[in-house]
Amino acid sequence: MNSAVIASHESYASHESYLSGGWNWRSWLMTLDHKRIGILYTLTITLLFGIGGAAAAMIRLDLLTPHSQLVSVETYNKLFSIHGVIMVWFFLIPSIPATLGNFLVPMMIGARDLAFPRLNLASWYLFVGGGLFTIYALLAGGVDTGWTFYAPYSTTFSSSHVFAVATGVFIAGFSSILTGLNFIVTIHEMRAPGMTWFRLPLFIWAMYATSLILVLATPVLAMTLMLMAIERSFGIGVFDPALGGDPLLFQHLFWFYSHPAVYIMVVPAMGVASEIISCFCRNPIFGYRFMAYAILAIAAFGFLVWGHHMFVSGQSAYAGTVFSLLTFLVSVPSAIKVFNWTATLYKGQVSFPAPMLYALGFIGLFTIGGLTGLFLASLGLDVQLHDTYFVVAHFHYIMVGGSVMAFFGGIHFWWPKITGRMYPEGWARFSAILTFVGFNLTFFPQFILGYLGMPRRYPEYPPEFQVWNVFSSAGASLLAFGYVLPLIYLLWSLRYGERAPANPWNAKGLEWETASPPPSENFHTTPVVTEEAYAYVRAESPHG
Amino acid sequence: MDSVPFFPDRASTMAGQVDNLYFAWLVLSGVVALAVAVLIVWFAIRYRQGSAADRSLADAAEHEKKMHRIEIVWTVVPIALFLAMFVWSAEVYYQNVTVPKDAMPIYVVAKQWMWHAEHRGGEREINELHVPVDRPVELVMTSQDVIHSLSIPDFRVKQDVLPGRYTTLWFTANRPGEYHLFCTQYCGASHSHMVGRVVVMEPAAFEGWLSAHANVPTMAARGEQRYRELGCNGCHGAQATVRAPRLEGLFGRPVQLRDGRSVLADERFIRDAVLLPSQDVPAGYELSMPSFRGQIGEEELLEIVEYVKSLGNATQERVP
Amino acid sequence: MTTRADTRPMVYIVVWLALMALLALTVATAYLPLGWANTPLNLAISVTQAALVMLFSMHLRSAHPLMKIIALIGFFGIAILIILSLFDVLTR
Amino acid sequence: MANAVTSLAPQFDDAEQQRTASNLGIWIFLATEILFFGVLFAAYTITRVRFPEAFAAASRLTNLPLAAVNTAVLVTSSLTMALGVHAARRGARRALVGWLGLTVALACAFLAIKAVEYRLDYLEHLVPALDFRFAGPQADQVELFFYMYFFITGVHALHVLIGIGCITTIAVMASRNAFSPAYFTPVDVTGLYWHLVDVIWLFVFPILYLISRS
């Protein structure tokens, strides 16, 4: 390193925390600091989560009665569409990667920032731009196609704001691609000395796998939506059966992205859970290498199974068979992960602060979500379950029970690092338990409804289904409290919370070796890694 | 809300088989979920921070080896189980999609937001489907607009109904009664109103229902009328001067095509031949048929299909 | 990365000549009545041309293996998409 | 960005790390581009498999001579770009600006020829949804071919347009002496993008213009 380079690094360094570096609008909106960009993302997706959640609340309220009494059926269709669009593309996909990932990836590998900070800021702006398009469409009258945009309904028959929403998702897609690209390059090129691939925390492995999917799947969605939007605008296209086009082609292209997208949502959650469980068991993750390989396997095989969304779509039975078989194979690494987390508790020193409760909740709900996925992968059984509430319950167990539980766990776990304050432990444990109970009460009845045959996207349903819908709506109100509570006490803790030490959990990992909150350049001197990930010392005796 | 339902009725021959799969998965996943839950709770209590449980490992290397074996076990066992379940569920699925030869066809046209069904005898119904008990029924379905999906949960059957194409679904109802019929593919504003009922009747009652509604010409007769109106007999008829394939005995047979392929003359083939004649030109013929796209509705097209079927299946029983 | 300086301008010109020759070949063969073989032949020429550009002009030949893998992954993704969805269309 | 030293961003340790990172970044981006076009190739392939005769008939209506000339133009622009990168590596500023200028000129020529081709298609009533007319059988499916044709060539032309913008920018930067043998990453990265635009065209050309010519 020549002297000029060192000089440039000196000027970059400030010995204060990243939060004290200025509070005017420019210091935030033009920041290149990955930590500040992470905060920007957190604020943005919290707002969007609020919109999506409000739509969910309306849906559950409306479903209390068999006749749609709260809203018209048209409004209901727009509610579930906007719920899906916002929750999938503007909350779940960016949730862990863009917030915790942005904040932690450079710190966990001992880097000063991501490889391309400007690109990182640009992807936040793209995300906001996409979000604004979507919110515009919402205000202008909404969209009623569902988040799946199936042709030819979306291309020919819907009279709602399909084009604006597709544009919003298209733009947000570029945000995903740029974030994924940034993470991959950063993880490849910016690791601190001694940070070999198999010393990386599993959270980094998860981010790496997620980024691969973001980069490889998102362009397919972008172009598919473009085909759909152009077809809608010009009244001609390859999905239109009136000209001999094939509506199933749209489904193939859509699910080529959207099935891997499920792994974009859940793989980061696996990474977060691994960090938390290992820390609060004071044990290394059981079968670390196996876990790393399993994460990569899930990402890779995830691209081969999309057709299991189409078993009754008119896809050929032979194609269905192949996709079913591949789906069973991709579920094996997921199963292994659950067993390995469980085994990590064995002979540990297990404690139960709020993040651990969230992580254990994640394991439970992800297990149920994964197991019910096997029901759906079974060809003969899926005929009964497809497009019913069984599917709704299944993917909420994975994406809300799994991902959102882990997201909240991660927010609590790294809250001291991000803000420099401790959150109130009692309240946090309470809301973790409340979320778990509320979640099960909301979504477990939907499995029963599904096997009974209640279709998705029905504002009106036969009266014999009402009892389970009432259970579900009651659970949803608990769940809502479980989500609103943290918002209140976390904000409270920003001012009144106890000041956090650098490493409140005695956790391993480079991010805990710097101050809370960290300085702008993360580390005053580049750390040198000499030990494996999760090098917790195994306690031989209880008080030793 | 007189009783809390846990389980749909079993009103078709498929229902029991699908239920067996469902129960098998319930048991299997119940065991796994319970095992994981018990282990987590047990470890969490036994190895809670500060507990006196023994955490020492006698021999680290030996432990490592043992753990490695455990990992292999819980990788291989799920693979084996999944493969077994895959084979079983695929077997059930193939039964569900393989239409028996003797199935009684009913033609269904879906549109926003109603189900239109037509029996071979010409009986038409909307959002209702009357079928006899203990007899295989095949639904030949298409859509006039968007994708719909016909689902009868108590029969454990479901199939998407696509525009521009025929899909089929079959069942043998085995318990008289009334059952829900849902559209399960989101199809627009009144998606949740696109529901109906399936009425399963004893054979005698079904015959009665048919004869009560049989005051219209049969489907094949309507199809023949349409066939003449559109001038099809000018080429396909016995006195035709233009060389065109004869339709008698065509249905259900393989057709040799000009480009060397061979296709089965099923409902889809006849549909395509009317709408897109240049796609599958039979061997030995020149393409001279115009496309009838835009000149014929889905229901009329199904009547023509039924007419062609009636020409070919002289041996098979006609309208019951 | 260090070996990239090896590529001499002459190499680019030879590649360009080869690409032009292949272009002439692919246009010429398109007019030959080869039946089913026309399309595979045209595509094979395309693959050759693309390989020339990627290996020499884009320096993939001397690049880090990682870059080679990434370049291939894109094409691999297309292959999966086309093969599996085509499998459905052809067996319907 | 006046010289190599200050062009090192603070998050990197040294110029080599920065160069490798940029290279990796652009290759990942190119992989996403490949998949972006992959959707169009997939949609095209599947529709063509379903309607081989209509697609063959439609393909014969495309303008092969113009497209062949255009392919030659684009391949040549790829050569001038490669020579430009080579000049940048040697630090030959004037040569670099010259090659880049020539590349832009060829790219513009490509778009101009494309525009002529589009105009001829328009005059022959081959533009879908506008005034499409086709007398033979399967007119709808022939129209689908032209829909794919305009979609694919349109998206490709958009990439050419973006390329012209990028190359012009780095040409201006080069003329202001922004690059040196120690630092020419933007030239390198733009070059890779431009070659990929060429590679994609090398597949677009046969599938749209060459099938069933014989």
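Think of it as A, B, C and D in the order they're written, each chain with its own count starting at 1.
What we mean here is this: contacts are C-beta pairs under 8 Å (C-beta built on N, C-alpha and C of every residue); 3 or more make two chains touch, one makes a residue touch a chain.
Owing to the predicted nature of the structure, the values given are computational and were not obtained by experimental measurement.
Traced through touching neighbours, the fewest hops from chain B to chain C number 2.
Counted by C-beta pairs in contact, the busier of C-D and B-D is C-D.
Separating the centre of chain C from that of chain D, both taken as means of CA atoms, is a distance of 15 Å. The distance from the centre of chain B to the centre of chain D, each centre being the mean of the chain's C-alpha atoms, comes to 45 Å. Centre-to-centre spacing of chain A and chain B amounts to 35 Å, using the average Cα coordinate of each chain.
Taken residue by residue, chain D touches two or more other chains at 20, 24, 28, 31-33, 35, 38-39, 42, 46, 50-51, 138, 140-141, whereas all remaining positions touch fewer.
Residue positions of chain A touching 2 or more other chains: 188, 216, 220, 242, 244, 246, 248-249, 252-253, 314, 317. Within chain C, contacts with two or more other chains are made by residues 66, 73-74, 77, 81, 85, 89.
Contacts between chains, counted with the stated touch criterion, involve the pairs A-B, A-C, A-D, B-D, C-D.
Residues of chain C touching chain A in their complex: 66, 73-74, 77, 80-81, 84-85, 87-89, 91-92.
Contact residues of chain A toward chain C in the complex are 188, 216, 220, 246, 248-249, 252-253, 256, 303-304, 306-307, 310, 314-319, 322-323. Against chain B, the residues of chain A that register as touching in their complex are 68, 73-74, 77, 144-146, 148, 150, 152-153, 156-158, 241-242, 244, 247-248, 281-282, 286-287, 290, 311-314, 317, 320-321, 324-325, 328-329, 331-332, 335-336, 338-340, 342-343, 345-352, 360, 363-364, 367-368, 371-372, 374-375, 377-381, 383-384, 386-388, 448, 451-453, 455-468, 538-543.
By the touch criterion stated above, chain B contacts chain A in their complex at residues 1, 4-8, 17-18, 21-22, 25, 29, 32-33, 36-37, 39-40, 43-44, 47-53, 55-57, 67, 70-71, 74-75, 78-79, 82-83, 85-86, 88-97, 112, 145-147, 149, 151, 153-154, 156-160, 162-165, 167, 180, 182-193, 195, 276. Residues 1, 4-5, 7, 9, 12-13, 15-16, 19-20, 23, 26-27, 30-34, 38-39, 42-43, 45-46, 49-50, 53-54, 56-58, 63-64, 66-67, 70-71, 73-75, 77-78, 81-82, 85-86, 89-90 of chain C are the ones touching chain D in the complex.
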